[in-house]
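Which chain is which? They are A, B, C and D, in the order written, and residues in each are numbered from 1.
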Amino acid sequence: MPQSLDELRYELALANRMCAHEGVLDAFGHVSARHPDDPNKYLLSRSRAPELVEPGDLLEFTLDSQPVTPTNVRLYGERVIHGEIYKARPDVMAVCHHHAAAIMPYCVSGEEIVPVYHLGAVIGVKAPFWDQRNDFGDTNLLVIEPAEGASLAKALGPHWVVIMRRHGATVAGRSLRECVFRSIYSVRNAEYLTQAKLLGTPSPLNRVETERAGDYNLAPGPVARAWEYWEMRLTKKGEAPPRGKATARSGKSAAKAKPAAKRKTATKKAATRGAKKTAKKGRR
Amino acid sequence: MPQSLDELRYELALANRMCAHEGVLDAFGHVSARHPDDPNKYLLSRSRAPELVEPGDLLEFTLDSQPVTPTNVRLYGERVIHGEIYKARPDVMAVCHHHAAAIMPYCVSGEEIVPVYHLGAVIGVKAPFWDQRNDFGDTNLLVIEPAEGASLAKALGPHWVVIMRRHGATVAGRSLRECVFRSIYSVRNAEYLTQAKLLGTPSPLNRVETERAGDYNLAPGPVARAWEYWEMRLTKKGEAPPRGKATARSGKSAAKAKPAAKRKTATKKAATRGAKKTAKKGRR
Amino acid sequence: MPQSLDELRYELALANRMCAHEGVLDAFGHVSARHPDDPNKYLLSRSRAPELVEPGDLLEFTLDSQPVTPTNVRLYGERVIHGEIYKARPDVMAVCHHHAAAIMPYCVSGEEIVPVYHLGAVIGVKAPFWDQRNDFGDTNLLVIEPAEGASLAKALGPHWVVIMRRHGATVAGRSLRECVFRSIYSVRNAEYLTQAKLLGTPSPLNRVETERAGDYNLAPGPVARAWEYWEMRLTKKGEAPPRGKATARSGKSAAKAKPAAKRKTATKKAATRGAKKTAKKGRR
Amino acid sequence: MPQSLDELRYELALANRMCAHEGVLDAFGHVSARHPDDPNKYLLSRSRAPELVEPGDLLEFTLDSQPVTPTNVRLYGERVIHGEIYKARPDVMAVCHHHAAAIMPYCVSGEEIVPVYHLGAVIGVKAPFWDQRNDFGDTNLLVIEPAEGASLAKALGPHWVVIMRRHGATVAGRSLRECVFRSIYSVRNAEYLTQAKLLGTPSPLNRVETERAGDYNLAPGPVARAWEYWEMRLTKKGEAPPRGKATARSGKSAAKAKPAAKRKTATKKAATRGAKKTAKKGRR
């Protein structure tokens, strides 16, 4: 999916908001994307709640998670989660780090998450665990040092979802949309798995079913259908991101420049443009 | 309930949105209706999230699940669920396929769903299981081949709800409104059953109670009351479908032709008309 | 709380909507009030979802649950729940019959509901069970015959909440506001009790605590604070009932006479008036 | 964080609404703040649901929980919770008393709440229990007498969260924002702990992890990010408090003076101003 930088910036802001709106992210957590033209860079918002991210908040980082252009805006503390995974996994184009309610009980109890329905197959055949204690002893549980990020990336290995003990999860994708789709449906899968465990004995997908159902659901058709749906849900609430050009670096983000009421209107117009674009794409 | 094709198209779009709004459907799942004038055809949306379906998205299919008029719009992969049930069950006028959160733990654990309150009686005396593995081995778990749809229809037998292992459920009705009513209240029943199992030992309805309570609740009065309620909930949010005439085939769906803001207004007006119509009907 | 009939009609429509909005009622269930000037009559809506009830929908019934003025509008099937309780309990001024999600697991499992926090004390020291099977064998589980209503009223006895096996609950109050308060907080109590049972062993309130906490919370102050809150939540969404004068009998309910958009505005104005009135009352 | 009284009044009204909007408070519960210029006074609303609190509702109280200026408006019955904690703990600048759904099962069952993820570390290493029965026998479970408040403050000791048997919880903070942050994330932690207990055996944070993660998350950066998020969520719904100057004492609160529709607009404008202010602060 070759994509212009501007379009990707818009979609990345959208992805942050979608994940928030669908219950994957709250005040914390973030979605990043590898730079479309330079595999040695990635895009991530300045530090703010993902539901509020605008294209103008997105900054470029090196794979060592340093801002490409020096900045004095506040940055997320856990950027290395993204950078170290992009380093270790050239096939990964997007990363979502989250603390969704449905996966937290797995982070806390150490019970394994397995795919239990066709859409849950997007998790893949294994969601490995990572326990910061093993490599680093008693920490603040945040992933801030490059070594911590590298350890997490190593635990992820060739998989797509890694469960972080007493912390959350990190999800990777071969595209931004795949990453969002996997983030949302792995959360749904965890909800159903939990309830099934309380009711009786879950009968998970086997390896072949997981691979086949994963492939089917990550094909362009289903992903486009879900993307249109999540985008329209934001748009109907006037919560799709504005199509702002200003960068956070310049200190003139849309959020700062306009009062909320005007921004809302602008958001709606922008979202409409987005919705139409998506609709056309979905049809291809 | 003799009904014009135009009215049915509107109600079918509404049914898709209602089921989404009441938590039965999300980005996936779909509701179809048998053609009112030709029992050998049925109506189903082009591939899109049910919350977004408009009358203009609805296409006609043969019972072999082929579009009556050739089209290049994307179609749902699982159409045969609908076509094969209409073939096997001449009494069925509408079908809903879904993955509602409350039934998923039953799909995963294999625990049986039984009616545990008067409204849950609409499930009927039995909700059989269908496991794709038994007939087809390792698949992607989707129901795409006619043989898969036929196997599912056979498992449904003379019942109204079939639970699909590791996948979801399919619900049938003698009318569109009955199908929606059964879909929504079988989901509520599953929620209460799950909680009751965690608390103690459920005391389900017996066969006679199930039949009597099912008959009472599926009478025109209760169904009309619930339909008015679900429609008004959509209408109050401006989410009832537009009264568009354009067909998906023509490539001019309302979604494409108008920006979101205008569509919203149109939707509200249409919904008002719908609400008044329903109110009159409910009074008959 | 002496109250004009007009004011009571407005508050009763509001009570139906509040209970729906706070998750006690859905398409089904209803709240009634004894007639303020004639203890041998009560007010209840024509058959429609409680979230939609308007003052003009409220009809007068005798304690035998017959409409005082002949009507051809559809009536609720379960009116005798209300009439028979008003007959048996002269101290009861309002009744709410519901199927709230949190109490259903108790209806299904037969586990007892006990007050587990100060606000849950409004349930009273005992919430007896009623099983229609005991007196009437296999039924449709609905409470339609006067004998069924009388049996339920007998089970309620001197208490305030009766749990109906495989069906729901019925809640009584010495005033409309008390009935709404008890309905909502008994549902919250059931939620917490369920979770506490899953975690360990609940330590309920003892009899004296229940009586003292019940008395405190049902005093005018706490009830007015909660009522203002529930009313404002409806008002902020434009969902408070209109101040319509038309009666359902006349066939000119506000719902029929005006399109939704206009009604919404009317509703907002009416609600504002209501909010101000309530605020003043709360201060007395 | 030196702060003008006017700014604190606005933030305290906001804090009450945030906690309500994020599911910590409902019709009951309240957030207070110590007076910024006089440590022997604190600010708390007149008696009303926290979702409705406006700056003009906030009154000044002595640490004996008496209004500084005599008033005839209705006051919260449980003011001593705040006053006695301010007396006992000079380091505490804000207090939130609540009955959030997720902590109630702990109040009821007596199971201990422990931090199970990095954000839950804000609870601190221990959340002690307080059982009113021990000191006072059978009561109405409310904390109304100074001796009851003092007993609760003693149970809190040097900690930050105290769980009140059969009642709720009380949370303290070294600043208003810290108190809100702790209230919300201790509730999330309780949700995840409950689910983890149902799934298997929770592996909580140890003491060092709790202290380190607590310190990290309560630093200005994370707290500002979350505060901006919670404020914007209110603002987007038009539910941030108005910037009213009128005091409850004067009997001219904004709520009384203007109809709802106008108030909504005013609220939006005020909220926009608030959002801009916060954004600037967050950047410092």
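Just so we're on the same page, a residue touches a chain if its C-beta (ideal position, glycine included) is under 8 Å from a C-beta of that chain, and two chains touch if they have at least 3 such contacts.
Since the structure is predicted, the reported quantities are computational estimates derived from the model, not experimental observations.
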Interchain contact steps from chain A to chain D (minimum; 1 if touching): 1
Fitting chain B to chain C on CA atoms, where both chains share a sequence, rotation angle to nearest 5 degrees: 90
Residue-number overlap at the chain C/chain D interface, same or different (half cut): different
Geometric centre distance via CA averages, chain D-chain C, whole Å: 31
Inter-centroid spacing, chain D versus chain B (mean Cα positions, whole Å): 44
Residues within chain D bordering two or more other chains: 197-198
Sites on chain A touched by chain D in the complex: 26-28, 47-49, 51-52, 73-74, 77, 99, 101, 104-111, 138-142, 165-168, 194, 197-198, 238-239, 255-256, 259-261, 264
Contacting residues of chain C [partner chain D, same complex]: 116-119, 121, 188, 191-193, 195-206, 208-209, 212-213, 215-216, 221-222, 225-226, 228-230, 232-233, 235-236, 268-269, 271-272, 275-276, 279, 282-283
